[in-house]
Amino acid sequence: MVTTGINSLFVNGTLGEGMSMTVTERKAALEQWIKLKPDRFKTIIAHVSCSSIRDTTELAKHAAGAGADAIAVMCPTLFKPSSITQLVKYLKAVADQAPDTPFLYYDINVLTGVIFDTGEVMRQCKAEIASFSGIKYSCRELGNFEAAQLESENGRYKLAVGAVDEMLLPWLPLGAHVPICHSLMGTIHRATREAYQAGDMKAALASQDSAQKVGIIKRKYGSDIPISKAILRMMGVDMGPVRLPLQDMAPEAYEQLQSELKAVNFLP
Amino acid sequence: MVTTGINSLFVNGTLGEGMSMTVTERKAALEQWIKLKPDRFKTIIAHVSCSSIRDTTELAKHAAGAGADAIAVMCPTLFKPSSITQLVKYLKAVADQAPDTPFLYYDINVLTGVIFDTGEVMRQCKAEIASFSGIKYSCRELGNFEAAQLESENGRYKLAVGAVDEMLLPWLPLGAHVPICHSLMGTIHRATREAYQAGDMKAALASQDSAQKVGIIKRKYGSDIPISKAILRMMGVDMGPVRLPLQDMAPEAYEQLQSELKAVNFLP
Amino acid sequence: MVTTGINSLFVNGTLGEGMSMTVTERKAALEQWIKLKPDRFKTIIAHVSCSSIRDTTELAKHAAGAGADAIAVMCPTLFKPSSITQLVKYLKAVADQAPDTPFLYYDINVLTGVIFDTGEVMRQCKAEIASFSGIKYSCRELGNFEAAQLESENGRYKLAVGAVDEMLLPWLPLGAHVPICHSLMGTIHRATREAYQAGDMKAALASQDSAQKVGIIKRKYGSDIPISKAILRMMGVDMGPVRLPLQDMAPEAYEQLQSELKAVNFLP
Amino acid sequence: MVTTGINSLFVNGTLGEGMSMTVTERKAALEQWIKLKPDRFKTIIAHVSCSSIRDTTELAKHAAGAGADAIAVMCPTLFKPSSITQLVKYLKAVADQAPDTPFLYYDINVLTGVIFDTGEVMRQCKAEIASFSGIKYSCRELGNFEAAQLESENGRYKLAVGAVDEMLLPWLPLGAHVPICHSLMGTIHRATREAYQAGDMKAALASQDSAQKVGIIKRKYGSDIPISKAILRMMGVDMGPVRLPLQDMAPEAYEQLQSELKAVNFLP
């Protein structure tokens, strides 16, 4: 139910299919994670976006009461805001219902289909939302990221990268200090970052290339979430079946994928 | 809260911002409409799509119990089905929870961003869903519509057109017999259809042109739903404020739009 | 080398792969068609768009000198105009080099990827281009077409429909009086129009449906131009091989398509 | 007429509006650059793509005869290849007409609108085209680039990055060793790369950020090529007016842009 990273939990997020859960289920999942909060995780972020702003607000209040360290909201995806100003009005209406909990904007334009200038989103969030704390950026546009970074006031506002498409290395020199990683790529991404920080660019690229090779295999099997969950199962982390409209991999495809991942030494 | 047509009510639909309402609100709205059901409406269709299939299923069962004449479901829009087969699995999982209530697929690709071959969707729905009754088609692709019409078995399966973009006339010769109309265009569209059915093509085109002129004005003011509701208010039907992320028109824009609509004699 | 219609020739157009020909080849093809001009064709329109405006202008002047009845230019597709105003500046720069020859804008947004408000394009062309005569509209957007029709000053400016996607009937009540048809659909489209004009809507729809059935078969085989030319060959009109980057159908696919078209009685 | 880089000339490329020139003009421009070839440029690459493959082939043969060091061809943009296989057939047909001159595929999907898997393109080019030498990659997709890099056989095939959107730094750790830079960003990009290669990540990011700030200003003024040429003029390099359908900046916008670029110390 969770996208794990190095040191934070993003509860009811995309990989956790949060938007496919009911309000009641999402509250229960969050409460359980807060209760079980492992020591190595410093931060629990509750993703509270729903289709109805009333549900979103209810989840935001609940997360604040339950002790989440932050809440995150994405751009509405069916009725879309007509401008950045309109998006920020929406975000503010939610954030102001949980005013003491740090607020993150969750930019995941590959899912929402709404691509705004993230630098301008950050400028307006800083001006309008008292609890605004930063952006979880799960997009592919590095220019947009750098524009937002230029608005971050030297880290006063956080900018975390979601490492879409098995890509981590190119984000590092741009100053993406706190990546929340694909849970299944966690080990490789950590190695990439350590090599990069040690100045060993050759090892960093080799590690990044091994992530890309997994990505190339993965993309042959289609839709991201069921494939990612299947690989996690191969790694011993069973997140349970996906929910409609998604569909778990067929057994033959599962086995073929497993063979391919063994062949590149991603799986033992 | 409703998109009205000639003789049917589509409750909690797009113009009613159904997807911006909570499960509780949607149940209440449906119950109220069924209770108040005006004599001239033969059919009440409950739109039950939610982001979570569990909520969708709950609304489907509720609608059946409350006495709705049909239920309608659109394509999921955040996690998208990867194929028509996958979409139909999703639709079937909902429909089978209300097996005695006629089931409609609500195709509104301008909102969902998912464009499938509607003829093939109908073929698979007919084969898989016992309660499948037809499609509410709120799209612009006439070829897709005609392909679906060819699968309708001479009207055994219904195909209703939503008349997107103030466009009705071109759909009529294709055999779109049961249009559910834009509530604000109802009068003009009825006149267009009557002229067409009487064989008076000149009058039909003049009527269609007057709808298009309204559309040209409307589109200058942007996002569809707030503008449509503003015009309904000018016509005396106050549907209340829109909900975030949408935004009601600013007063000056409202007045300017009203002047323009008076100038083309759409408003008295 | 030509898209034929009921009574006009569109030389070096899309089906003729005009943009895949050299300037020299296009001049030769036009001269030959003007020389051979069959009696039943009233009008020869020369499509003169090239990637370089200097080539476009050279072809425009040549067409005027060679006796073409009109010239047509589409929106540039690699370097795209940033606005309608910029598009019309470009069109005017060409038209003004052949000032005595009627000028048509060729709107084929499925190919160019540039979708502008065609009503506004017509307004600006009327104001800026002395020889402007109308628009050849090979797009799917009926609303855009009707908006342009409202600017046509009761037929002073022509608006011809290209009947994309085997669709003719829906355009007829909108007043599309002078369709230039898909050459391979000419017979069916003529029957559709005759039935429509005679007020026999049932026959008109039956005829339109038979065109759609051909379209459904055709689309299974992919890219439009090679398939259309293959079907023309089956009908006895050999236009010769397509040119790279296009590719003629493989023999097995050709035969399978032919069988399918015989099965729906499109071919004898 | 040229996109300059550190040590190579890309003649008749995008910034040079090669596709807006006639065949005769492109030959003359190439001959002149080869004649004037400055000592510091090791390589002259001739961009030979035209709308007609006959013109493309003619330019390829001419470039080989005139002594160009390499030829480059982009994906056709009006009639698009339906698959990578079809694209490579097209490229091969051109390359084989100049078999002794190294051949580059020019991937610039922001212009052509065709996004293929560049790794697969490289695989097929290596297998099919004897003179294939590498890819000039002017796209934003880093994953696609890395996939192609994995096919480069340790630099046997070249992969040069076009640094779209003022972005250089993220490409460097991926092993993009031979960037052909935006001519106007040459100085900044060189500084970024030197700092990166010296392991001074702080200076590298500062330099990259200064490029991004210029980019943020530039994008406010719209379409890329006229703005880039205006800035080059401000820097003392007058490339002459752009050609329709593009349009040079209006004088007031030119002056405002100049003030903004002075304010961030990009211009003295």
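As written, the chain order gives the labels A, B, C and D, with residue 1 at the start of each chain.
In this section, a residue touches a chain if its C-beta (ideal position, glycine included) is under 8 Å from a C-beta of that chain, and two chains touch if they have at least 3 such contacts.
For reference, the UniProt names are A, B, C, D = N-acetylneuraminate lyase.
All values derive from a computational prediction rather than experimental measurement.
> Which chains are in contact with both subunit A (N-acetylneuraminate lyase) and subunit D (N-acetylneuraminate lyase)?
Where subunit A (N-acetylneuraminate lyase) and subunit D (N-acetylneuraminate lyase) might share a partner, there is none at all.
> Mind checking subunit B (N-acetylneuraminate lyase) against subunit C (N-acetylneuraminate lyase) and telling me if their interface is mostly the same residue numbers on each side, over half, or mostly different?
same
> Approximately how many whole Å separate the CA-defined centres of subunit A (N-acetylneuraminate lyase) and subunit C (N-acetylneuraminate lyase)?
48
> Need the CA-centroid distance for the pair subunit B (N-acetylneuraminate lyase) / subunit C (N-acetylneuraminate lyase), whole Å please.
Taking the mean C-alpha position of each chain, the two centres sit 34 Å apart.
> Please work out the Cα centroid separation of subunit C (N-acetylneuraminate lyase) and subunit D (N-acetylneuraminate lyase), and write it as a whole number of Å.
Here subunit C (N-acetylneuraminate lyase) and subunit D (N-acetylneuraminate lyase) have centroids separated by 34 Å.
> Would you mind listing the residues of subunit D (N-acetylneuraminate lyase) that make contact with two or more other chains?
Subunit D (N-acetylneuraminate lyase), residues with two or more chain partners: not present.
> Mind listing each pair of touching chains for me?
Once each pair is checked, the touching ones are A-B, A-D, B-C, C-D.
> With touch defined as at the start, can you tell me which subunit B (N-acetylneuraminate lyase) residues reach subunit C (N-acetylneuraminate lyase) in the complex?
Within the complex, subunit B (N-acetylneuraminate lyase) contacts subunit C (N-acetylneuraminate lyase) at residues 119, 140-143, 146-147, 150, 165-167, 169-175, 196, 199, 201, 204-205, 208-209, 212-213, 215-216.
> What part of subunit C (N-acetylneuraminate lyase) is in contact with subunit D (N-acetylneuraminate lyase) in the complex they form?
Residues in contact with subunit D (N-acetylneuraminate lyase): 17, 19-23, 25, 50-55, 75-82, 86-87, 89-90, 93, 111-113, 222-223, 225, 243-247.
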